[in-house]
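Chains here go by letter, A, B, C and D, matching the order in which they are written, and residues are numbered from 1 within each.
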Amino acid sequence: MNTPPHVLVALITAFDAGGEIALDDHAHNVAHLVERGISGLLIGGSTGEGPYLEPGERTILVSRARQVAGNEAYIVGATAAQSTRLARGQIFEIAEGGADAALVLTPTSLIRGNHAAVHQFFAEVADASPIPILMYSVPRVTGYELPVAVIAALAGHPNVIGLKDSGGRPYRMQEVARSVDPAFFQFAGASAAIASSIAGGGYGSITASTNYLPEQIDRLVTMARNGDRELESRQVAVTTITKVVEAHGVVGTKAAAVISGMRSARVRRPLMQLDQAAFEEIRRVVPRTA
Amino acid sequence: MNTPPHVLVALITAFDAGGEIALDDHAHNVAHLVERGISGLLIGGSTGEGPYLEPGERTILVSRARQVAGNEAYIVGATAAQSTRLARGQIFEIAEGGADAALVLTPTSLIRGNHAAVHQFFAEVADASPIPILMYSVPRVTGYELPVAVIAALAGHPNVIGLKDSGGRPYRMQEVARSVDPAFFQFAGASAAIASSIAGGGYGSITASTNYLPEQIDRLVTMARNGDRELESRQVAVTTITKVVEAHGVVGTKAAAVISGMRSARVRRPLMQLDQAAFEEIRRVVPRTA
Amino acid sequence: MNTPPHVLVALITAFDAGGEIALDDHAHNVAHLVERGISGLLIGGSTGEGPYLEPGERTILVSRARQVAGNEAYIVGATAAQSTRLARGQIFEIAEGGADAALVLTPTSLIRGNHAAVHQFFAEVADASPIPILMYSVPRVTGYELPVAVIAALAGHPNVIGLKDSGGRPYRMQEVARSVDPAFFQFAGASAAIASSIAGGGYGSITASTNYLPEQIDRLVTMARNGDRELESRQVAVTTITKVVEAHGVVGTKAAAVISGMRSARVRRPLMQLDQAAFEEIRRVVPRTA
Amino acid sequence: MNTPPHVLVALITAFDAGGEIALDDHAHNVAHLVERGISGLLIGGSTGEGPYLEPGERTILVSRARQVAGNEAYIVGATAAQSTRLARGQIFEIAEGGADAALVLTPTSLIRGNHAAVHQFFAEVADASPIPILMYSVPRVTGYELPVAVIAALAGHPNVIGLKDSGGRPYRMQEVARSVDPAFFQFAGASAAIASSIAGGGYGSITASTNYLPEQIDRLVTMARNGDRELESRQVAVTTITKVVEAHGVVGTKAAAVISGMRSARVRRPLMQLDQAAFEEIRRVVPRTA
């Protein structure tokens, strides 16, 4: 397997006036970005109007990009399917075009909110895929955010190599980062959250903005990756503790405060006292004052 | 006006078994945190069960904290009122106790979603307040997030000195930072987002976790503040552009890409072509390829 | 205990130019509505700016209304408190004014989404209240809808006599109606849903519109109550079955169809086959074709 | 154009163990329902796993249903496409199979929240369609509810004959009913809301439950349609007024109350007084006391 670069563009798809793919313009666009230093290409993501692509078009777009960008480029094709069968079919199109990996859109429609079915979808698609896959969480498009627990469980699948998270909430990356192998590739999909996402454990970015700000995004990612690793590890250490405590709201905070040397864990009603199991869970993570 | 420290604790409120304030425990808690280096205290925030505090209690809690912590401490009292009258009354209680500033909870109930009324509320409260105020956005408690535009407009009020944002989305801070005076104090309220919030322009933190992790939060804030300023300014430069472009979705991205040297801004239906005004707005911010 | 009438007005609260209660206007308003045939009054609900009322005002408003409307009127006072203590205090004010019952606002703030704490709140408030209480679900104000399961559990409390549901979704009433005693009073709080709510098992209405459309609302409620009882019972019979089936989405529907004589319960992935327990649950409610 | 019956089934799609269409089972299912009195069939809706259907399958399913059910049956085929092109293509498949009409799923993905683009989508699809279309609003599947204003605007298109609304909120039907031609066909899609939807102006139902409760749904719809028309018209008259008033919240209610003979339209801050235009709008609809 090739290693993806830290910056991929969520490439636009060129159409002509009749709504057909404009293949020469597509080739121009790929060449233009490669010349500007971008060696990673996502084809048919939401910026590429993936939900509007038709049977056969993914193969054409990927293979032409491969032809123009050469074997050095890292090319990912995206699915936009609701059923396992259709997702598999789109991945075969993408693989046939010569892509390195596939980005798989989180299904919603008939299974909206059914996390077990979402998990099964990704697992079966990954089992069947001839190329590695990344998961794709994009709440603005789907009205649904892929839960961290589902991401963490699927990150262990040998054919699932990463995630594009376009939700723009960087501490999700941090949460994922804590529960997956360091080799799992987390990409920020929201331009405004690139620096903070990478600080939170992200590997790089796949954004629409790389179409028109390629050098700027490249420099931003590079700088964020070479940033202060100590800061990041301190934030992770704090979040690891606060997530446990804050799962119990104010009541959890008061218990932690008493463990830490303060007084009075009592709350006004209707807040409810912690049960013993929750108290023990908090006691295990909160440092005591010497 | 005193300048607030970079770290404030969202202090718990000590109660006895009957639900009355346990004033000696409260004094102990203040002393305990001051000894551990915390010189900023928020009293009666949501961690302090502010919505459950009763008339008179804010004065008692603030004045006892002042007595214990001395004049060097920076003390903020929080309101939890829905009407302008009640908020004003709570601020007078807070001021009477000797606080340096008041943190004012965003009202919802009868004006949920009515941004103009929310704006008027803060403006009138600030006009009437004998001490400076900070705005408080806390979606987990109110089910509502104070809009950036409202924050930016109110930041110009001479008696509004800052914001506590507990939403945990750091690029909101970045957006605010771009439109306010550098002296406006933005505090992160979500522990998991401290480092990224400060990287995005935040001044410091006011969190529940400072009750039980005072040294850790203090070190984290200090480190984040001394972090890589160049990274931050690059991220701001990128976000400034992408927010303009992405307000128009895929269509905006394709326009920006063409301005930048790529080809074909055409989209498949039902996406709609940009009007001329939107195109010009994008053209003004997107750099052209030489 | 008096029996409430089928129509109550969610009375506005009269204020003067300085924001103080205008008690003579309040008396006029009560007299005006009583003359127009309205014998039920809710005081200090959200239409009565309840979240803006101050200590002591509930007693004044209720007692003046009692004085004007006489003992024949049914008067309910509303709380708008977040803590159990404050709710109890407001109920004592309401009872002192001479109200027949109290309408208790669902708390959110520090327990948003914590159904167990919401349940405890209502139970403890009902235990302590000297007068019967009704629960108040009003998502537009609180950003939270009181779950049907919590309503059903509390409906068994001897001091909880009813519910005002302003969410405007009539089949919630139907769901509640199926699991509570027929003597439980469900009031529609949304004017647009009066007829359908009563068809779904509602007892009457408590709406803001009764301030300015008293005769119209009275006639509408009367007519809906005397409507076609057979229609209602058929709808209830259908919903009882479909709720069980549709809890499992398309998969549940296919199982029910096969039980009923159709063929092929197989689904495309990522839909997941039913487990045996769910299948049995559906088999118990779906009629088989002869 | 044929007139649709008042009851259509949202037919399940029969699959075999390999996930292929089980055409004989499909024929059995159609025959089974026709024998039980159902003459309206929706094929490929969400219950029919429409988002999982593949190119060519809609034609096969519709034409086999036509063959079995005969020309007396009213057959609707559903699309599940995001782009205008793909929706058009699916409609041609549906028409080729011999359907009377097409049910067109509301697109979201790249235009989530962009009402103008949603409007354009339906208008262009209707222009191009060889058969009449119905709009399909199904928030549980799409995470988006088609706005009443968009429905009302499109109801005037000569090729748009109706709506299936699966949101389960009956007064939406009432709002639509007031602004469209009486010949516009509104179908309830939520089983629990059939009676109340028809009371609110609905024409009939298209539900999943008709697969396993065909006689029950048929009787329920018949009874609701023959129900109390005076009740319905009174509810409509009330809602027409309250929607105008309540658009301005408590402030609107107080203005209406004063117009109607009560006293004091003043509100506590941060509620804001009405401007003159809003006051006039309310004055036009609220009846004055003689």
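The rule is simple: a contact is a pair of C-beta atoms (placed from the backbone, for glycine too) under 8 Å apart; a residue touches a chain by one contact, two chains touch by 3 or more.
What you are looking at is a predicted structure, and each value in this text was computed from that prediction instead of being measured.
Engineer: Could the interface between the copies chain C and chain D be described as same, meaning over half of its residue numbers are common to both, or is it different?
Structural biologist: Same, since most residue numbers here occur in both copies.
Engineer: Tell me which of C-D, A-D or B-D has the interface of A-C again, with more than half the contact pairs shared?
Structural biologist: B-D
Engineer: Please tell me the distance, in whole Å, between the geometric centres of chain B and chain C computed from their C-alpha atoms.
Structural biologist: 36
Engineer: If you average the CA atoms of chain A and of chain B, how far apart do the two points sit, in angstrom?
Structural biologist: Result: the chain centres lie 27 Å from each other.
Engineer: Going by the contact rule already set, what residues in chain B reach two or more other chains?
Structural biologist: 19, 46, 49, 52, 83, 85, 110, 250, 268-269, 271
Engineer: With touch defined as at the start, can you tell me which chain A residues reach chain B in the complex?
Structural biologist: 12, 14-17, 19, 22, 25-26, 28-29, 32-33, 36, 46-47, 49, 52, 168-171, 174, 190-196, 199-200, 207-209, 211-213, 216-217, 219-220, 223-224, 227-228, 230-232, 234-235, 237-239, 241-243, 245-246, 250, 253-254, 256-257, 259-264, 266-269, 271, 286-287, 289
Engineer: For the complex, which residues does chain D have touching chain B?
Structural biologist: Residue list for chain D touching chain B: 83-85, 107, 110-111, 114, 116-118, 120-121, 124, 249-250, 268-272.
Engineer: So in the complex, which bits of chain D are touching chain A?
Structural biologist: 19, 46, 49, 51-52, 54-55, 80, 82-83, 85-86, 108-110, 112, 140-144
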